[in-house]
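In what follows, subunit A forms one complex with subunit B and a second complex with subunit C.
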Partner chain A sequence: MATQVGNKVQQFYNQSPFPDYELEKFNSKKDLEIAAYPFARILDKSIPKNASILDIGTGTGQLSAFLSLRRKCVWGIDFSDSSLNKAEKLKEKLNLGSWHLKKVDILDINQIKKIGVKFDYILCLGVLHHTGDAYKGFKNILELLKPNGFIAIGLYNKFGRIPLKTRKLLTKTIFKNNQKVKDYFIRLQIGNLKDKERARGWWNDQYLHPHETTHTIGEVLRWFKKNSIEYYETIPSSVPYIQSDVEICGVWNKSKSPNSLIRFYKQLKWIHQTSKEGGYWITFGRKKC
Partner chain B sequence: MYILGISCFYHDASASLLKDGKIIAAAQEERFTRKKHDISFPINSIKFCLDYAKININQIDYIAYYEKPLQKFERILYQSIEKFPFSFNMFYRAMPSWLNEKLKIRKIVRKKLGYKKDIFFIEHHLCHAASSYLISPFKESAIMTIDGVGEWDTTTLGYAKDNKITINKRLIFPHSIGLLYSTVTAYLGFSVNNSEYKVMGLSSYGRTNKDNPYYYKFKKLITIKEDGSFELDMSYFSYHYKVYMPSKKFIREFGPIRKKESRVERRHKDIAAALQLITEEVMLKTLKHLYKETKCENLCIAGGVALNSVANGKILKNTPFKNIYIQPDAGDGGTSMGAALYSYYSLLNSAKEREVLKNAFLGPDYSNEEIKKFLDGNNIKYTEYSYSKELIKDVTDFLLKDKVIGWFQGRMEWGPRALGNRSILSNPTNPEMQEILNLKVKHREKFRPFAPVVCEDDAKKYFECDIPIPKPTDFMLMVYPIKKQFQKEIPAVTHVDGSGRLQTIRKEDNSLYYDLIKEFGRYTGTSILINTSFNIRGEPIVLSPYYAYRCMMGTGIDYLVLDKFLIKREDNPEHIWDSEKLAKD
Partner chain C sequence: MANNKSLLGEMWSFLKVRKAWWLLPIIIMLLIVGIIIIFGQSSALSPIIYALF
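Let's look at the complex of A and B:
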């Protein structure tokens, strides 16, 4: 990622690795399990035990480390050295043999081709919108997906991000450095502030990030179509009728793709619904053979 | 083989999981959603069942649903047409849920759970019958199911041998003792499908003999025949085309309706007593007839009316039956279990030997680490005990000082009663304890009694109970008179008529609880405790340590025992808030 945006983002992550955590908190594999977020557990349930997984933009690696506990082959790639260093330390400490880490820039197709392995599952959660060229990144990572392999793409939604963008603007212009407002905004998103690290991590990621883009469901559907990826579903749901329960059925459930009217209606709803996550949504799909 | 039973969309949604004929997990949805008698699709209960068994939905072989929706829909249509246009409002209100949910069960199950195999739809009263008989220790048994209404049936009589259940006689809608009870519950100002047990509690205050003038008034609206079958005069009711409210004719006969939360007059007590008399008369006559038909000494009963513990306590004394079995959740919640059991044993005929249900502890449990994590994470001060003996000793001390203890252990109970894993305990020998409990915790009506818990081997010392002691006493389903000489010793649990809703506890089911009661007995000479459900009035029983702690801090509970952790109220004053406002009907 030799672009200006790339350098800025790389610098940002080298200064503040994400998701940040204290290494001392993890003394055994069990600690990793206890600390896993609900969504990580759902992913763990949805992906078979014998599948190989690639986590793109793994950062300090909490998710991929957790997924590697019960699997033989889990890769985490990132382009920030300091994030990867921290992940390496965790790997050594907990002796996670099935977890592989590598520095890769996903916008550079040569680096991608060098990896030489293909995966059953690719997770690219909250990464592409920070790269500067989301579609290029998306196309490149598909090189690493086996035919019939599954993919999950997490992005910021154009509509859902509106409340956060407004808050961001307010903190930049009116409430400069007002700690109370800052605390209130963080609390809006993650509930309590007791976990100082998490609060700081959130603030850095959501409010201080040097580069982010926003996308719509339609855009992702078009990416899928161009690259012969079959649409499965989104979280939160983008259809008005009953959707499968993710905790029971997992996240790769085939459903009809929503038409433009429904997409518009649902994304309007997301302004409120996903305001806590800053308009973040995930689309699931599968590569046709 | 795994079979999942589901009951929902009417009242008390629940899910039960069967593994090779044995029930390994079951829970009601209300505990998870914190909405009492929640009727929504029991997604949380299903998640719990799957997690507990460590399986995913693809490993489930069959799903069983607790009723036949089309037959029930037919009844609703029939009711509406028969009383058109008076029924229009009922029809109009009922249709959306029928069209969106109740008629689309198959689709909802497939979509929500991602389930692809077969679904069985089993008749409602057959589910009731199976829920009781197929977990009972009997090889053959007579069966009575009695509730509000299923598809069409309101009361059924049947017989079961080995795994085969047959229903021989049935009474159909609108003649229903359950709906009569509900109508009077509404008339007395309590909530329907919820507070029927309050009417039962109230009945002891009225005249329970035939001097009660209301008994004869009830006789006008119900004709009971010798075989126990009965006919209601429908001009007194309106539940068949409107809401659960008595008709004008009923009000002319019995006087004005009692308003919610208003004073309970003598008239109300007499009406409740007369209703209880009628219910018992119907039940006992029916059972005598059932015995005549089946000549079988074992009896299984189920259905909402089988939760009427006052009537249950009189069955063995007044009928030729020798043994009785009722399942812990005899009401509609239990039908999910019945549906799964019936599928496994009767429809699929998968096994000859049945698994007897040992105890009602089938719900979620929380490990030591989880509780510790919760306590540490919320900065709650606590004491951890390594030895249960020390814990028991300290808790007994508190009980003797008339303190109120929240008792949270192991797996949650199945059914509407707290049986010692999610209970509030206190000292029954103090005559003021009832008032203290009401004031501090439960905020409930004064007339409602608290229930005693006794070790199984001590039960016959204190109670005039049937011998051998029937299994349903483990599930708090039988009311027996307390022996005269002990009534003064345990005033807090002696009801006005000298009876007590007995719960027995066996050492093999819950040894910590058993030891605690025994230890309490060593100091006081009375091995009995007050056991009431761990909740505030109007809330479901607590599920997790979080809700237990919340309940404690919102009420006047002095100590909370979470597994082996003791939490003192005075150590954590910053978390206290007022719960009185939260108490509902």
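Let's look at the complex of A and C:
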């Protein structure tokens, strides 16, 4: 990423690997399984065991390492050396032979093409909004998706991010020197602060990140349409009625694309509903033949 | 229900007579915030999706 934003972001992640963890925490594959949050398990359950997976912006690699436990081909790519170094150490420690790591800048199409493999599933969770050109990043990664392959895009929502932006402002002004309030805000997102490296990683990612953009459902639907990606669903749900239980149904369930009125209503709801998650949402789709 | 109607009616008359149209966006915003608070509760069916580990 030759852009100014890209350089800043790369430098940031080299100094603060994300999501980060204390390596001593993972002594066996079982430890990795135990540490997985419910949504990581839901993803694992929703993706067939024989599918190949690419985790874009894998960072320190917990998710892709976890998904590789029961699969033959899982790749994790990132452009931060220190995050990848940590992931490599984990790979070596747990002897994860089916987990491949590579340094790639997704805004550079030549680096993307050099990978030379296409995947059944692409996960790009919480990455594009930090690239400086989210749409270009999206377009580039589609090169790596097989026809009929599935994709998940996680982004910050323009509406849903409002509470976190407010919290961010509070921590820079009124609560600048109040560590208790800062701890409370980060606990909202990760539950506990026992793993100090993880808590620090999250604080940096959410409150000190040098670049982030916010997006709307409509914007992502337009990206999908322009690039022949069939819309499946969003999490949190964008259907006007009660959503299905993702723990039972998994993800990538086909649903009707929401119209502008429903999108507006849902995103207003997300100001409250996704407040703890910093306005984060995931859109699921599938590449048409 | 009749009371509710008269309340809304009175508010409308108040806005009309006093020409206090500047209050309208505030009332609309309060209604939207109210709707969000009532209907926007986090569903127990939604797991945490950002933190995966």
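One rule holds in what follows: the second predicted complex is superposed on the first by the 282 of 289 C-alpha atoms of A that agree within 3 Å, B and C clash if a C-alpha of one lies under 4 Å from a C-alpha of the other, contacts with A are read in each partner's own complex, and residues count from 1 in each chain.
Here is the rule we use: a residue touches a chain if its C-beta (ideal position, glycine included) is under 8 Å from a C-beta of that chain, and two chains touch if they have at least 3 such contacts.
Since the structure is predicted, the reported quantities are computational estimates derived from the model, not experimental observations.
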Of the partners subunit B and subunit C, which touch A:Gly154 in the superposed model: first, second, both, neither? second
Subunit A residues in contact: does subunit B have more, or subunit C? C
Partner chain in contact with A:Asp245 - subunit B first, subunit C second, else both or neither: both
Is A:Pro236 contacted by the first partner subunit B, the second partner subunit C, both or neither? second
Counting only touches as set out at the top, which of subunit B and subunit C does A:Asn204 meet: first, second, both, neither? neither
Counting only touches as set out at the top, which of subunit B and subunit C does A:Lys45 meet: first, second, both, neither? first
With both complexes superposed on chain A, which partner does A:Leu63 reach: first (subunit B), second (subunit C), both or neither? second
Contact-wise, after the overlay, does A:Asn14 reach subunit B, subunit C, both or neither (first, second, both, neither)? neither
Could you look at A:His272 and tell me whether it touches subunit B, subunit C, both or neither (first, second, both, neither)? second
Overlap of subunit B and subunit C contacts on subunit A, residues 242-245, 247
With touch defined as at the start, can you tell me which subunit A residues reach subunit B in the complex? 34, 45, 242-245, 247-250, 253
Which residues, counting only subunit A, touch subunit C once they are in their complex? 19, 21, 35-40, 42-43, 62-63, 66, 125-126, 154, 189-191, 202, 235-237, 242-247, 268-273, 276-278, 280-282
Within their complex, state which residues of subunit B touch subunit A. 43, 46-47, 50, 56-57, 107-108, 111-114, 369, 373
Would you mind writing out the residues of subunit C in touch with subunit A in their complex? 32, 35-37, 39-43, 45-53
